[in-house]
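Both of the next two complexes hold chain A, though its partner changes from chain B to chain C.
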Partner chain A sequence: MGIRFNEVSYTYNSFSDMEASAIYKISLDIKEKDEFIALVGHTGSGKTTLAKHMNALIFPTSGYMEIFGKKIEHKRNKKIKYNDIRQNVGLVFQFPEYQLFEETVLKDVMFGPMNFHIDKEEAKELAMNAIRLVGLDESYFERNPYNLSGGEKKRVSIAGILAMDPKILVLDEPTSGLDPAGKRVLMELFLNIHETTNKTVVIITHDMDLVYEYFNRVIVMNEGEKIYEGEPEKLFRNSALIEEYLDYPNSIKVLKHLNKTLKLDLDVFKKTADDVLAEIKKAVK
Partner chain B sequence: MKGIVIGQYVPGKGFFYRVDPRTKIVAVLFLMIGTFLLNDIYQVIGALLLTFILLVIGKISFIKVMKGLKPILILLIFTFVFQILLNKEGALVLDSNLNISLINIAFVIGLFIVWRLLAKFKKFNFLLFIAFIVGSIFLFANVTISGDYLFTSFNFRIYEKGIEMSIFVVLRLLIIITLSTILTLTTKPTDLTQGLESLLRPLKKIGFNSDDFALIISISLRYIPTIFDEANKIMQAQASRGADFSEGKLKDKLKQVISLLIPMFIIAFMRSEELADAMGSRNFIPGKPRTRLHILEYSYRDVLVSMFTVAFFTIALLLRINVLGY
Partner chain C sequence: MGYITIKDLNFSYNRKQNVLNNINVEINKGDWVAVLGHNGSGKSTLAKALVGLIEPQSGTITIDGLELTEESAYDIRKKIGIVFQNPDNQFVGVTVRDDIAFGMENLQVAREEMIERILFYADKVQMKNFLDKEPSQLSGGQKQRVAIAGILAMKTDIIIFDEATSMLDPSAREELMSYIKSLHDEGLTIIMITHDINEALLADKLLILKEGEVFAQDDSRKLMRHKHLFVESHLELPVALDVANELKDKKYDLIKETLWAYVSMK
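Let's turn to the complex of A and B:
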């Protein structure tokens, strides 16, 4: 079960004869449970296109994929209920403006569950929980979603998907446009959801600190192709790859800099600030 | 939303791409009027040939123009069919009784089902449809089986003039659409509005502000693809919340339409506000004279196009007067 990509390519067609390939022959396995995956890469590397495939919003141009046992091919299959796939795989878009439309936050978050024919009271309950979960209190329930700040809108849009209680959660840059504290809160939230329910969470991010600290699997995309898949630990030891396509997390940067300037021999691969401190203390002694 | 060619600029290099937009607009206008002046089928066929020659000169692919015809195909068929059926002048070409009877009807329904089934697999959907229509008319006209129950029968008559007129009208429409497609395929929307603005400038004297008019047009044209794009994104965002437009009951769909429209409006307003700010911050003041990045210039191509237009128009006019004269 879960999501399986089998040599999936997707091509955007345009009016001129050029065809822009967004992703090219991606094969990928995402289990239903116990995964915490980061999807990284430059802008335009095909991350969002990949994410949209995960709940069958767009169909592969070639190749096929299986989402919870349902085979998704180039053509829409009338026998498949695509709405069911979207209940199983929840995708949060990068820009919240594209989905908010109701007059109150609560109603907007209820829209998802109501589409899956959950009755009103239950949907309300789910929505309230989801809103609290993303760190907004009761005072937000009756507010107009368009009068919120960017970060609050983002949280509401995340709550809108969480309320659907999907089995797999896919988030397109959930922390972009948030302040550092907000980023932490949300990352802790996703980690918490992952740890308490064992749900698989896939997050698109540019933040290498987060990748190094939280995730147990990283997929690196470049120009539509998957160039790395595996543990972040191994990824950041692959200096050629990092220097060409990505960046080191701050902890590694700091320790590397210390090594270079003070001619020390510290172990640079430390995840948290405390680990870094411990390593430095060792050297000071 | 894909494959709409009418009103779509396709980048390319050809003769018409480098003709001044003003010349093109005026020329297309006069060529159209000229086409309407023609009132004989042979003249229209001549004009159609000339139009095709224009396509060849401009190196515009015939297929692209034909694709642009798709949206108005139904209109063309309707005019064709009604002209044939309703025009009752000239000599009789075809006169037969159509017998609508039980077995015939059953057979036609059978044929229709076969056509629907085939349509799924065949690319020549449309040709099959025509074959189906012609086949059933033939069936009604010629086949009568004894013992069949006759519902009704009526006369089916086609006159010479009817055929002539239907071809005439369809060809005329074809010419006009091809001409306007040449204009829009080879002219950037911005050039088109600049041309319009410059042509409408004399109207300033009677209080019509052509600058503002051109600006409004060019901004709206510019934002059509953007709005399509945004609508697509909103549709996807709502689909991922379980509001897929191709599934669900009618009642649910109404709610889903609202979930599409409201973000659409809000994003459109946000966009226009941002655009206004961006223009303001670059010192755009409505009504103030501005210089142009691309200045429209006439060349020998414009002279050629103008000469062709004048010649065509004059000939059309002369033919018309002549016909009236004898």
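Let's turn to the complex of A and C:
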């Protein structure tokens, strides 16, 4: 078993608890393996709060979590080793590149495993593998993280989490701030990690184009509640829900616009520019 | 000579490899220019050079007839303001009021005048009711609006937005873009650094940087007919234009026209 939310609510009543938006009675199952999930919703909808529960960074106000068999409730339980949970579920925050601090890439990536009391040689081995896994070669090991590009820094910080060999990887808006090519490369990288290791990957994103093209399961949050869970294809066919809470991917928007303006009858559910083009060519003889 | 003229500009951080390589650009008063480029193309370095935050190894930048030098930097900053990417890193005041005042204090604006301008520009960016709020009580979009008010209050003619929307969520982003549009309508010169093609579409002119060099510069609609320019500089065209550019046969003219109109209306 991976991660299970059982009617989890998180609310705050004092300033010190105000680290996250509220969520209400969320029930959700995330399998230990083979899932590639998008988590979407507006700012303040509770996406990040949900993510923080996934590795017990914050505790439910009511309801309970089960994370790899450990029951997490409101009250801290002295018998539970929370560090183990954080090793099982790796959470990459938004803009992790601002959190790099070591002098070299290798040292920065080693920091995670060493923090979990893995000895230096083994940590080094894990770090080297993780750096390669994010698509950076050996020439990066001794480089200073400060002199890397935005995309490279992001990869280094993701390697830092991968080096702990988490079973589930949770990423909060990992592609924001990247150029379009960098965005695609990173998405392909996550997909590749997912496919080669079977690890479950959960990605928070605002980008409906990515949701439509890459994911097979999507969870939609709104004002702290889960309002949809299922396939992206079905989500984008639910026009009432999309128009009220989200946005269509660009390909669907463009086709809908053509249908409306030119009174055409194109199938709007196409994912890429090539698919859109083919649909137009098929319809206009 | 343009309102802003960049001539033979070279810059490197380590003297080994140029981050900016022989840049030549002219921008007219009232232009809205989008500077596009992949991560590491030199976009942000160019922005820093324009406001005198870094000193080029060679070449000149002239703004409104005044060449940017160490001595003229103070006067040039009265003409040009910059809004950065991270809303948290540029909030220097204790409250919204202080933050808007900061730039004017540097320009030694008289106190009475300052109070007046704070109210006027806070109102303009819809932050008048937040004057005594601290940064921790504001959203990212609100902080960016405060930063803009601070620059407007300095009455600069030129504003650079250095990926100012990239850390905002879609609705805050849209709001900021429509705000930038209204500044352009009022006659300000806008230089917008971005890699979001949908934002760049709103600008009149595009400047595409690739590996520190000017790869292309022209009217945005002209450039957007050439997909290869975007692919080669690691960028993407919006789906609508990607499709429009591929519809070459005459029978698709109406669809093409509709797709272009769709992109322009956003």
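Note that in this section the second predicted complex is superposed on the first by the 262 of 285 C-alpha atoms of A that agree within 3 Å, B and C clash if a C-alpha of one lies under 4 Å from a C-alpha of the other, contacts with A are read in each partner's own complex, and residues count from 1 in each chain.
Simple rule for what comes next: a contact is a pair of C-beta atoms (placed from the backbone, for glycine too) under 8 Å apart; a residue touches a chain by one contact, two chains touch by 3 or more.
Given the structure is predicted, the values throughout are model-derived calculations rather than measurements.
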First, second, both or neither for A:H42, with chain B first and chain C second: second
Touched partner set for A:N129, first chain B, second chain C, both or neither: neither
Which of chain B and chain C A:T61 touches, first, second, both or neither: neither
Partner chain(s) touched by A:V276 [first = chain B, second = chain C, both, neither]: second
Which of chain B and chain C A:N250 touches, first, second, both or neither: second
Which superposed partner A:E97 touches (first chain B, second chain C, both, neither): first
Residues of chain A contacting chain B in one complex and chain C in the other: 95
Residues on chain A engaged by chain B in the complex (per definition of touch): 13, 15-16, 52, 55, 57-58, 76, 81-83, 86-87, 90-91, 93, 95, 97-101, 111-112, 115-116, 146, 160-161, 164
Touching residues (chain side chain B, partner chain A) in the complex: 2, 8, 10-11, 230, 233-234, 236-244, 246-248, 252, 258-259, 262-263, 266-267, 270
Sites on chain C touched by chain A in the complex: 37-40, 85, 139, 163, 166-167, 169-172, 195, 197, 234-236, 238-240, 242-243, 246-247, 251-252, 254-255, 258-259, 262
List of chain A residues in touch with chain C within their complex: 42-43, 95, 149-151, 176-182, 206, 247, 250-251, 254, 257-258, 261-262, 273, 276-277, 280, 284
